[in-house]
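Structures incoming, each one as structure tokens.
Presented sequentially are two complexes of chain A, the first with chain B as partner and the second with chain C.
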Partner chain A sequence: MAAPQGVRAPREERRRRRREKKAQAAVANQVVQTAGGGWRTRIFPYALIAPASVMELLIHIIPMILGVCIAFLGLTQLTIGNWTEAPFVGMENFIEGLDPAGAIGSQFYAALLRTVAYTLISLALAWALGMFGAVLLTSKVRGRGFLRTLFLTPYALPQYVGAIAWAFMFNQSDGAVNRFLVDDLGILDDRPFWLLGDNAFWVLVIVTVWQFWPFAFLMLLAALQNIPTDVYEAAAMDGASTWKQFTTITLPMIRQANLVMLLILGLWIFNQFNIPYVLFGSGSPDEAMLVSPLIYEQSFNYWNFGLGGAMSTLLLVLLLVVSAVYIRLVMPKGKQLND
Partner chain B sequence: MATIRRTASVLSVAALSTAALAGCGSGEAEEVDTGDISGTITYWASNQGASITEDEEVLTETIDRFTEETGVDVELEVIPWSDLQNRILTAVSSGNGPDVLNIGNTWATSMQATGAFMPWEGDALETIGGEDRFLQSSWATGGAEGETPTSVPLYALSYSMYYNTEIFEEAGIEEPPETWDEFVEVAQELTQDTDGDGSIDQHGFTMAGSSYTNNAHQAFIRGLQHGDTLYTEDGEPQFAADGIVAGVKEWVDLMAEDEVVAPGDAELTNGSESVQQVASGDAAMVFDQAPGNVFNNRDFENYEAAPIPMLDADAEGIEATQSHVAGINISVFENSDNKDAAVAFVDHMTSNEEQSYLNQEFTALPVVNEVYDEEEAFQTEEIQLKQDILENHARPMPLQTSEAQMETTVGTAIRDLLADAAQGTEISEDDVRSALEDAQTQMD
Partner chain C sequence: MIETRGFKILRAFGLVFLSAVVLVPLFVVVITSLKPLEDVQGIFTWIPSEITFQPYLDIWKTVPLADYFLNSLIVVCIATAFSVVIAVLAAYALSRFPFKGARTFSLMVLSTQMFPGILFLLPLFLIFTQLQRTVGIQLNGSHLGLIITYMTFSLPFAIWMLAGFFASIPKDLEEAALIDGTTRMGALWRVVLPVARPGIVAVSVYCFITAWGEVLFASVMTNADTRTLAVGLRAYASQTDVFWNQLMAASVVVSLPVLIGFMIVQRHLVTGLSTGAVK
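And now, the complex of A and B:
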């Protein structure tokens, strides 16, 4: 008895489908063979990522593990010639680095708090400037091409070159800043010191913002250009003000790019070493001492590599925790990304 | 389980890397034979002249002569002072360094403690002509007292006071000050508003207030003038000893109380910057080791050298100290795979001919006695003054393994005091003592 129509395909149809499946399998097999056969196929993806993995291991992972190992050693100039002879000191370096009552521990905590403040202030200012620049250049302002190039100049300059120029400008006796404020405008009577005392912290913030805001600008500009213009047009027709459009359309629609940018930029700023090193030399003033230069000072000025390693390890753990919390709580999840 | 295996394998790679990096320890001094040498050696030179390029030009000439004599090629790299110590430490830790290198002689004992440098004894010492050829004060800086030196002197230097003769003449001052009180008095007299615009534009003295090495040297010298040393006889730090506190206070007071130093000097990081102020007429006096190149580059000739003032012109013993035994030493890396050629190169650099050539080019003092008698260039008044300072008024910086750290901690403490003084903060004796005590706790 023949199968009822619609329940099962006729025999001819089933044969045709089987033939098609076989043909597809043969083509797929052909492709795999062309790619190099069974084991080669399995190895191929690993071969592709191997160079990057080896370099990552050599440049990041192994030094990081060595840094953690050093933190448990009494590695000083007496043992640096032969690391294996450096005595194991257990948690001694951590205790010294973390003891708030000790000379070094108190310095570490002060530097840590200062670095957090420096990061938050610099990040907020860099983001605000970057957002302003990006919104400005997304609108139909004249000379957009020129302004875009101009805004990116600090990012294109090597960090050292920019910081050296700022160090000259902030020089107390003949720097351009004092010449402008004291000699030309007469706003100040005495020439203030910018690279010494409390002002040194703000100089650090200014140079950091100058250096990094173009990155924020670039990322935000790219994100803004993905927002369809008709959304704004519809909002404008409904009578939404520019500020309303910014808070209800722009910010939510670039949220994902914004969050990634803030994480990357925050980590860069928190770990900043080049700018204070160029501005202040191998020893920053106390008022502007950040954690990275402090680790450098302990390791290379005082030759206490074990203590420097312990501070680096503490910093690593701290940043890992902060980044993990940020990614878990703030960053968009896979589902949200698909949405 | 897979995670544990992965972690274990990463750790084993790290351990292997550590072992590979560490395979560089110190070894026994080898026999040296400089009779039949060949190949290539690497030489890290310190920056002595006005620029890296100038140094390269000067050193290339002497290297060419060495290559011509021996057939050994020398790969030269001139390293700025700001990078030299880090580069050496990196070389020591990796075991992958140059064959021959220059070091600041005050680092010699700290560097010796790393075990990474060849001791100068036996054949090697014989090759360079034995220690008697060298100025004894400079030779003494080669390593810790009682131990075989691991560096030999290359250029000798000492602090002197350089003053702008034009400014002195204009003020009718005929002789440079001899005592500290006279010095402060003269400096105050020369601190003037020369153009009448209401602000001081000529200061009596200038210093590189942000240079921790300069500050540490002055703590050492001024401390000795007050009868105290930075370390006890047992080698224990005593940075806050009364004499050191008094000496450092005097130094900081030049800016804080006497007001003979421009506050802006607190930002100067390099001694050559303060030398330039004397050449430009912005300051009258400076303490420096070898300002000749900076003066020459500015075609400035109106200067003379005088001894660093002492508390009492007739002071004797350690109170008569005017300088540390400054200078540059040269070392051979223990891991050099061409040690014979490296020793031959040091012999070449310390030969009478090259000593004469190099020290004239770098306006430093030869480290071998014979050159002073042979060369007219080293019989000038300035050189004789420096020779006298080195022989009779100079002591090596403390020959302690922690000397380099001491320079950093003490020098940085003084830098911070000067920064406070520049911003108008009064600096009391207690402030100085407390800063030096804090510096000492960093050494514990």
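And now, the complex of A and C:
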């Protein structure tokens, strides 16, 4: 009889505490709401979000709707100047841009798959490096503050500066990478072109990981430092190895922070445009063509906005699904920020 | 984690490895920026034949770097300021008042924050073209046009992060002020804002850094007069010779403002990112 009671008591205790907390919050809210009183109080929050709502409408909602609409227009170099007069072409753009059998459609799906692969590989590597650094720096080590700042530098640099640095290092004739591999180590005999062909994809991954692993490090370090140390002490007492402690205590305890971080970082990497643009210019090599640069190329290099719009629309639908998952994680149903 | 001897050895090697990963590219940038032009025309050398600060003087003459710098400053500062002011109001409402529609508003902010810039660039470019045709306001290629596009990513981010900051400030402070007869705006202005200042500074710096490194919008929305650093730096490479030493010197110069800002606020940034995003 003692055991179930022992389990029940803290649960009831928790419930009671939660009830009390709710009651307190209700009183607090009432104070905030009733001071001043009347209709002015009721419209106050709406007045506060009014400027943000207007901006959201102007720069996000209307452009997104328009973005879907232009996918149905024959928007080319000829009609772009006065696009409201552009002819309605129905599903033509979708058929041309999204038909897997067509030339442009197959390019789009290849780019989409490539972007998914690029995202997963970069995300896995950035997570591994970030987690490694965070575990090493969780406890007090000499020089921790300095190392933390140092590790964050690639993330704080302007994105194009990081990409320029790597573009210079991967230069075929005189880059530091070829200097190191060919001249210093002698591993390779000829000087490979890194920014062309299949190599370009891996260069993209390397530069992305270098720029984004500090973000994983930053978020994971914050999460790790929230784990109370006595949990580990108890586990060590029971003879759990360091690795065992990591998999059975560390990972489960930071699960939520980990998931949110992976999703945010994954979306940033998936949406990446800056790095390929600086590395390859306005046209990426086919083997490293990602979705955002492809839409950019169709729209601003070939001025085929209708096609770009059709591709954007499909991308929008895909991302809406992902964002629904993300929102479930950050803001579960019925929960608000001020809870 | 309990630190065994094995863990300590692993840590020493691990920290050296990670430092090398970060430092090698930074070393290449800095050392190249200190080389004379002859040194950067052949195969890369780890040690310069002589150290010179000449590239740091030449960068201002080879391309109009000062103009690009000024353009970047104007656009990024105004976009950040607008975003943060609008976001402070909205975030305060979200973190304090359980009003009808708060959830819908948060959902909108959260989801737009995650869409790629290219989804907004195409339609905004078309809207700007049409505005110029019908009303005569030039937005494509103007500072204002770029500011508007920069707000597409900095505004939702600022709202979300600031809401996290405000939620972590206890309500008692304002309640006391309200009971003393302060108006609601007064309570926000005189009580909440001073307490939230580190958070607001961190969010501003973060918006600044993101906008400073942005390339997509800048590549479409600027012309020869309004070119920002993100696009302007390409000019060192577009001549027949690539002035790698100058390009690297310019990279160092344009990175300094954001690096310094980042160092100052990094501690608050961690709090903001983890309370704002990981709630």
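Definition applied: the second predicted complex is superposed on the first by the 285 of 339 C-alpha atoms of A that agree within 3 Å, B and C clash if a C-alpha of one lies under 4 Å from a C-alpha of the other, contacts with A are read in each partner's own complex, and residues count from 1 in each chain.
One rule holds in what follows: a residue touches a chain if its C-beta (ideal position, glycine included) is under 8 Å from a C-beta of that chain, and two chains touch if they have at least 3 such contacts.
Predicted model, so just to flag it, every value in this text is computed and none were measured.
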When chain B and chain C are modelled together on chain A, clash or fit: clash
Partner chain(s) touched by A:172 [first = chain B, second = chain C, both, neither]: first
Chain B versus chain C as contact partner of A:84, first or second or both or neither: both
Superposition-derived comparison: chain B or chain C, residues of chain A touched: C
Partner chain in contact with A:302 - chain B first, chain C second, else both or neither: first
First, second, both or neither for A:242, with chain B first and chain C second: second
Touched partner set for A:95, first chain B, second chain C, both or neither: neither
First (chain B), second (chain C), both or neither touched by A:103: first
First (chain B), second (chain C), both or neither touched by A:251: neither
First (chain B), second (chain C), both or neither touched by A:55: second
First (chain B), second (chain C), both or neither touched by A:285: first
Contact residues common to both interfaces of chain A (with chain B and with chain C): 61-62, 66, 80-84, 171, 173, 282, 300
Residue ranges of chain B touching chain A (in the complex, touch as defined): 10-11, 13-14, 17-19, 21-22, 24-26, 82, 85-86, 89, 92-93, 95, 110-111, 113-116, 210, 212, 262-264, 266-267, 269, 401, 404-405, 408-409, 412, 415-416, 419-420, 422-423, 438, 441-442, 444
Residues of chain A defined as touching chain C within the complex: 28-29, 31-33, 35-36, 41, 44-46, 48-49, 51-53, 55-56, 59-64, 66-67, 70, 75, 80-84, 129, 132-133, 135-139, 141, 147, 149-154, 156-162, 164-166, 168-169, 171, 173-176, 178-179, 183, 210, 218-219, 221-223, 232-233, 235-236, 242, 245-246, 250, 256-257, 260-261, 264, 267, 270-271, 273-274, 277-278, 282, 291-292, 295-296, 299-300, 305, 308-309, 312, 315-316, 319-320, 322-323, 326-327, 330-331, 336-338
Chain A-touching residues of chain C, taken from the complex the two chains share: 1-4, 6-7, 10-11, 14-15, 18-19, 21-23, 25-26, 28-29, 32, 40-46, 86-87, 89-90, 92-99, 101-103, 105-112, 114-124, 126-127, 129-130, 133, 148-149, 151-152, 155-156, 159, 163-164, 167, 171-172, 174-175, 178-179, 183-184, 209, 212-216, 219-220, 229-230, 233, 244, 247-248, 251, 254-255, 258-259, 262-263, 266, 269-271, 273-274, 277-279
Touch list for chain A against partner chain B, complex: 57, 61-62, 65-66, 69, 77-78, 80-85, 103-104, 171-173, 191, 193, 195-197, 281-283, 285-286, 300-303
